[in-house]
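Quick heads-up: structures coming right below.
Two complexes follow with chain A in common, the first pairing it with chain B and the second with chain C.
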Partner chain A sequence: MSQSYNRGLVEDFGRWREFSAGMWAWIFHKFTGWVLVGYLFTHIAVLSTALSGEILYTETIRALESLLIVRILEVGLLAVAVFHILNGLRLLLVDLGIGLEAQDKSFYASLVLTGAIVVASVPTFVAGVF
Partner chain B sequence: MAERYSSFRPGGRRWLWQRITAAFLVIVLAFHFFLLHFVNHADEVSFAMSQARMTQWTYYSLMILFLVTATFHGVNGVYNALINQGLSGSRKTAVKWTLVLASLVLIVQGIRTANAWAGIQII
Partner chain C sequence: MSTQEQKPKNQTETDTESADEDIIAASSPQQRRLREKRGREIESPKETAEQEDTYHLKVFRYDPEVADKQEPRFDDFHVPYRQGMTVLDALIYARDRFDSSLTFRHSCRQAICGSDAFFINGRQRLGCRTQLSDLEEPVRVEPLPHQEVVKDLVVDMEHFYDQMEAVEPYFQTNELPEGELEEQRQSRENHEKIKMSTRCIWCAACYSSCNIAAGDNEYLGPAAINKAYRFAMDEREGEDLKQHRMRIIEQEHGVWRCQTQFSCTMVCPKDIPLTEHIQELKREAVKNNLKFW
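The block that comes next holds the complex of A and B.
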């Protein structure tokens, strides 16, 4: 008989102290997913200014990009997207039966790699705002 | 046998399409970030630059496919997360059709925007 992976209800957040790596990966993946889908709607709404003319679009984007807070939020968006991509790859592999036994290590690797990519990207993301 | 823990019904098509769109989005989302933040820079954005990209049919079709798959993947993920939180019955039906409507509005608005750059006039 193979190992059981039933760890109880992950949505019972009061149990967070008992959570294993895989359960944290599940929660982070959901959280980053909610942020990304929320951003998708916001993104299309902002880009829709292109329907009102060339000048309005260019001025809207440039005004937004001139704000430091927008650049910081973009770094946050990058962090969320990179984690969702890397953990998503991890999930795709686990679904194919690859790396299930090392799923906790691949979660930690996703976190470390996300951190490294985000830190390395900060100079590019804030360029021109100061 | 290992017990299954997933937001998705076993063997369901929603699970399969979530995975298929994920495989596509992993590549295209990374490309999107790379192109629009590293090759081009955020403070240099202009209508003309977006237009130059969108008038290439390869880029235009990739972005339309990106919009449709990202909308499906995101909204399907939200729907399954809500079912996982206990959504059921008539509320589930109401949420489902609200999400379908929101997805359609998003896709139509995204295509209209892409068309504005590409110079395509349908309506």
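The block that comes next holds the complex of A and C.
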């Protein structure tokens, strides 16, 4: 064979409009997984302020919670965590070989449930910041 | 006397029977289909008159051996439509009438040789199994993604075939039945189990749709794992060979690379539940290795 042509990005995410449910589930699961790993580090960083005394810890938490952006990020974190949990359950069923024909429906169900839970949580998260 | 009495009786019987047959024949599925066909034949000229239009095809072109064609491009073909036309029919028409240099693989034209898998309107499909009328215009025909393009719609299948060969896709056993001419029989239940996996036509549509196979050259890919499933689940091969097959399947780049995107199952033109088979082999591999003592 002489030479061949590499079609590059067209073969990867350039095709995102044509992705099917299972593919989106995979992408979202990867994405939410990495977000949760990232959060873990900030979580540890905030908690470790307690090493330098109770007052500093309380002050840090108070300062963070007074910021609107932190409240919004918390809603986002909940969305990411809930989706990761629900899709994780879906993948558990897939691994057990249960309901493989309905894998797209279970993905849509986990999306809808995530949306509902996140919307319901907004008043709790945003309370007192305005 | 008795024969005379019987004769008319017999006749009436046969009469009623034939009448019954007529009724049955008139309502049989075959008769119904024939009637429908007759109806269609009358309709079809009108339909074609209405659909005098052509179908617009955008076909990927690339030829490394001609200086002007080394830059990939899309060629437009306007193919006159006739009822029941498939994408492969349209490509054949375009090659025969418009541009004889248009290159693509095809052979049986009835979805069994597996040589005409293309990327049609953003999805791996068999050209001969895809009706033009099911597609939106313009119909984009491209070579299979994640495989190297040799020319136009022809991709290099060598790596795919290597992966298929790697799982030893042939029957082998060391448990021969007694007696020289004895057959190796398979139970009906066992055949039902592997039935879907035997339908693979090596078209590489699933392999091309798999992101993991694209990123990991050592990954066996859905088609090869399905092939392995077909023989690993075949009880006639016996326990020794099953262990041998499981050793190939349960390697790092075997079943464990599958991340259940379901792309392969979506595109398989023979409707093989590929993900289901891969998942079953994963469970089989766990059962094979898990020990609690």
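The rule we apply is simple: the second predicted complex is superposed on the first by the 119 of 130 C-alpha atoms of A that agree within 3 Å, B and C clash if a C-alpha of one lies under 4 Å from a C-alpha of the other, contacts with A are read in each partner's own complex, and residues count from 1 in each chain.
Going forward, a residue touches a chain if its C-beta (ideal position, glycine included) is under 8 Å from a C-beta of that chain, and two chains touch if they have at least 3 such contacts.
Not measured: the values here are computed from a predicted model.
Residue contacts after overlaying the shared chain place A:T42 against neither chain B nor chain C. Of the two partner chains placed by the overlay, only chain C lies in contact with A:E18; chain B stays clear of it.
In the superposed model, A:S66 makes contact with chain B only, not with chain C.
When the two complexes are overlaid on their common chain A, residue A:V129 makes contact with chain B while staying clear of chain C. Of the two partner chains, chain C is the only one touched by A:G97; chain B is not.
Judged by the touch definition given at the top, the superposed model places A:A50 against chain B, while chain C stays out of reach.
In the superposed model, B is the one of chain B and chain C that contacts more residues of chain A.
Taken together, the two complexes place residues 1-7, 10-11, 91, 95 of chain A in contact with chain B and also with chain C. If you check the complex, the residues on chain B that touch chain A are 1-5, 19, 22-23, 25-26, 29-30, 33, 37-38, 41-48, 50, 67, 70-71, 74-75, 77-78, 81, 84-85, 102, 106, 109-110, 112-113, 116-117. Taken in their complex, chain A has these residues touching chain B: 1-7, 10-11, 30, 33-34, 36-37, 40-41, 44-45, 47-48, 50-51, 54-55, 57-58, 61-62, 65-66, 71, 74, 78, 81, 85, 88-89, 91-92, 95, 121, 124-125, 127-129. By the touch rule above, chain C contacts chain A in their complex via residues 62, 64-65, 72, 122-123, 145-146, 148-150, 156, 211, 214, 259-263, 265-266, 273, 275-276, 279-280, 282-283.
Those residues of chain A lying in contact with chain C across their complex are 1-7, 10-12, 15, 17-18, 20-23, 25-26, 91, 94-97, 100, 103-104.
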